[in-house]
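What follows is a structure written as structure tokens; I'll ask about it next.
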């Protein structure tokens, strides 16, 4: 493979496209597919054929606004339809070239206003199982570029210049991480893509793997070239069967086209990727636990240092980045590090994909430049809290994050701003809560999560989360005293300061942030034996959350 | 019989053991293929019983205790056979905020079992999962692995009713 | 590499000491008779850093570091005891005691228990954290040994000695979180284990009364874990 | 006006119980019941534990007589191992059991009962305490303290600590006795014997003052039970069970204690958790018997040590038949202390006591084991069943206080009928009701097998059940 061949593939794909007058793109992400969007695609294809319209019906990945699904996008008009059923095929096809079908308007309002697609640039436009469609949109240009024009050091330089930081939660500078692994001597090195999207309420990585898997493969290959690795693994949750299937096909396709394997693009560079399935353990999102899991062992973390960069998979130098981080790599190489660093804030560059869920009008996947405010996302893109209820808090960062109240809505999103507000970026889950949510029981929910997901290796996390969960339960039941609250606070401090890995170190965060902003709710449970939101057992309301 | 002298024969004529063996062969009977192999057993047989684990550990030469540690560490593996049908309620954050606990309570009430159990007649298993990633349309329930979103208690009850009265 | 470059100078609790570059803070400290409490650490076994008793403050580090796995560095300033660290250690100990049923008075290891000695050394006079009272079994099926999970602190010394020294890999850990349990083979009764060589090393390294010899039962059991470094050295000599 | 008196808590006892006195219209006591309201817990929470932990676990039933439980429990464990323990181990356990007897009797006699004996049953309640005795009768107070220390010191020398020592183990004991410690023990004997002899002399002098109490303090015919050796001499560690009737006839001679279930039944009454053991051939309540110091001295042929034998003869000379009043438990306790001190001396003086082989080891050879010993308060039976791994599947403990339960109840009724009459109930009258219970030196924490300290109370109620008066001290 060389530049000409790559261009040829792209040209061929374009030629294929040009044969058609219209493109009907049907979302077949997990969410829409579960509403039988495959049957909708078949119905539209059949209808188009019977009408004799030159129309290409394509399967695509998630288009974003999941709540309006199943979604259909008609090109070149750019018309979006929502809540499409099989029976709508006839109307959709007959409307091609004319006025859109009014009743299928997804009513997305300002959903796409302010969104900026880097990671999701191909979403809705390509068939995730066809590598050529990816190539037609500029795919693998970046890989070819690094292999033919750049030294590994130059690649790392561009990544460093871009200011890209790890999208998995910690926000460690990606260029620095690559540089470290590149400098470690080792005959065998590995690249691992962390697709163990464990944060409940987050589905960015699932969407990317389902919709545009080649992008992740390309990103990994570029990383492998930069650090000198020949072998890669994608660690995906087994709970994401569609992502696994799409990724499997994508790897096969990439190998077929020569983007993976021996002597890639006629260079001496060889690299291949295997899939490893997670088996339902949140802690495996932690680097060292993930490595243990790939090695076929219990996913328990080990103390760092040594970091995986020095001693990772089977003791060899290993680079671990998450799905979204790798997905950012090809456009950075294509457009240059400076292009990427022109987006975002001073210390958080580029865009970030968020999974917008909870008590919000328009749920779904969004990608916005760093620095956008929470208010813009929640009230602009998301359309605010439905059913006339009042916004109470937004939870970011999953079980390691925190709940931010109304007064923080104008916070500009960046790694550092979220941390100083008592939460964190996490992998991108953004869950909106209204006044029917009790913040104590939300804290208890997260503590229960951490308790059941604790690997059990170190005692502060193993035993501390149980104790904190019991204290939170006591508070929810209206059986706690101020002394219990003091003990809870002390446990938060000790567990956070002494746990072995990130899970335990951040497990107190949901408690600490709710204590910081919603202390009055705790005190209402303790002093007045009352749940202000009417959720907990101690309140006269009958609704019970376990 | 010596513990790990040679690769053990397939436990039975059941063709599914060939699939399991295939996974191990693909990984060159490497120890680190343990989880991959267990995944194959779980997806082929629906659960992992003792003979299956012993077959795998003897083939891969993994210590028994290590294999059992792995099986019990990951939620995805089950030591008990599942029911004919499986109802899995997602208890991720978005689903929680949208009232997943009420769905769990409803299912437990209808089936007269607790989460993680199977009805005595072996018809329905009730499970929870930490996020299947369809948070945009929470709350979510999987019926026999098929995703049903924006679930409500009456719809859930109706589906369980269909299963139990078949 | 010259001998010179192999030496690191650091201070521990204000005392200037030198150590070999490959030593951990714990090794360096113990060589100079500076006390750092440990529980899961045992000379001769690999480190897991699980008990968190040996956490120390290193100037410039964002977090407390486990002395058992942290290597010495030039100019390092280590604090092994201060009010905050002591408070954390006591609280962690309380978590241990509250987690399972450590009833010293009827325990075979009473008086010779590392957990108990830690409580005494660190001045943990009482446990404020609520006791969990889990219902845990006792496995006395082995002809010579008994495991009482009520007294297990999950330090995994038994697991490590069985794997690293004896090579039998009989012991393992099952489950996760608070449900973790040390097991033999496929959680079968110990007496029915196919792999156990009955060498008894696990019993000798157990820091509490969780593992003990039946014929020493009653009281005054003294464990003898000092054979480990010897075994390691002798084995290396063979090669 | 009919009413009920409830004494709650009954003071100066080991444990918590409650006495209810039911009065009729004329103020005459119609019924008396002794309630022990705490749950009998030990047998349950022992289940699943290894049998060899039982000595240490059951010793926690009581802080006063842990040694008795240690000994009986260790013997039950010996039976599960099915070993014959080294002779020196048996003798060392004997010494400890006797030392325990001295300290426990000293506690009962001096600390709990001497205020009544020295200051009188009608002395003001606030004065009836050992502290006051130490003030008014310093030498007696000092002897009491010294004798208790004597017992505890020996236990400490043998086992390393006074309370809950873990030295007695299945198959024997943990460590042999050193010559140095042996000498220390021998050196303590003369002073102890002297103190007991002094106390005996004083008690003989004052016993006549209590003729009224002797007459009604559980003074009725019952059977008596206790361990004796093959010569019919008192035995505290081993031997067979002997039962005599109130005439002194031996009605059962050499009963094997291991087969206790064949001849001892346990009746249940709804008002108390304490059971009512009885001698099966005579049924309940006809088979009611008493155990402890009085029983042991009633049924023995004599004592086998010179000073104690002499005291025993004087004691038994008070009546041609067995002594039937429980008031004589006090007297018997003093003689037993003397006997124990002499016995310890002879056991320890034997050079064989220094033998180093003190423990036999074995695995589970029997799935069931019974261990019986004489505790200070009477016969103590530990009975365990285990699985093949030695984990307890079932346990039954028959405690001294339990054996005496029926007699104690009757004794309360007898005393109350005599002393409690009419509208005005003097404090001293109620104290006598408590005092009769005290003669038995019951240990209620033992008898309910519960953990912790439980005071005893007396309540006084109207027939409709309403509380009229409650006596609750401390």
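Letters are used for the chains, namely A, B, C and D, taken in the order the chains are written, and counting of residues starts over at 1 for each.
As a working rule, contacts are C-beta pairs under 8 Å (C-beta built on N, C-alpha and C of every residue); 3 or more make two chains touch, one makes a residue touch a chain.
Computed from a prediction, not measured in an experiment: that's the story for all the values here.
Any chain touching chain A that also touches chain D appears here: C.
Distance from per-chain Cα centroids to the pooled protein Cα centroid is smallest for C. For this pair, chain C with chain D, the centres built from the Cα atoms lie 46 Å apart.
In this assembly, the C-alpha centroid of chain A lies 25 Å from the C-alpha centroid of chain B. Between the Cα centres of chain B and chain C there is a gap of 35 Å. Measuring from the averaged C-alpha position of chain B to that of chain D gives a distance of 61 Å.
Multi-chain contact residues of chain C (touching two or more other chains): 173, 175-176.
The set of chain A residues that touch two or more partner chains comprises 281, 298, 453, 455. Interfaces, counted as pairs of touching chains, are A-B, A-C, B-C, C-D.
By the touch criterion stated above, chain D contacts chain C in their complex at residues 48-50, 52-53, 55-57, 60, 164, 166-167, 169-170, 174-175, 361, 363, 389-391.
The touching residues of chain C, when paired with chain A in their complex, are 47-52, 55, 63-64, 66, 69-71, 87-88, 91-92, 95-96, 98-99, 128-130, 132, 153-154, 173, 175-180. Chain C meets chain D in the complex at residues 105-106, 108, 110, 137-141, 143, 146, 148, 191, 214-215, 217-220. Residue ranges of chain C in contact with chain B, taken from their complex: 159, 163, 169-176, 183-187, 194-195. Note for the complex: chain B touches chain C at residues 3, 50, 53-54, 63-69, 72-73.
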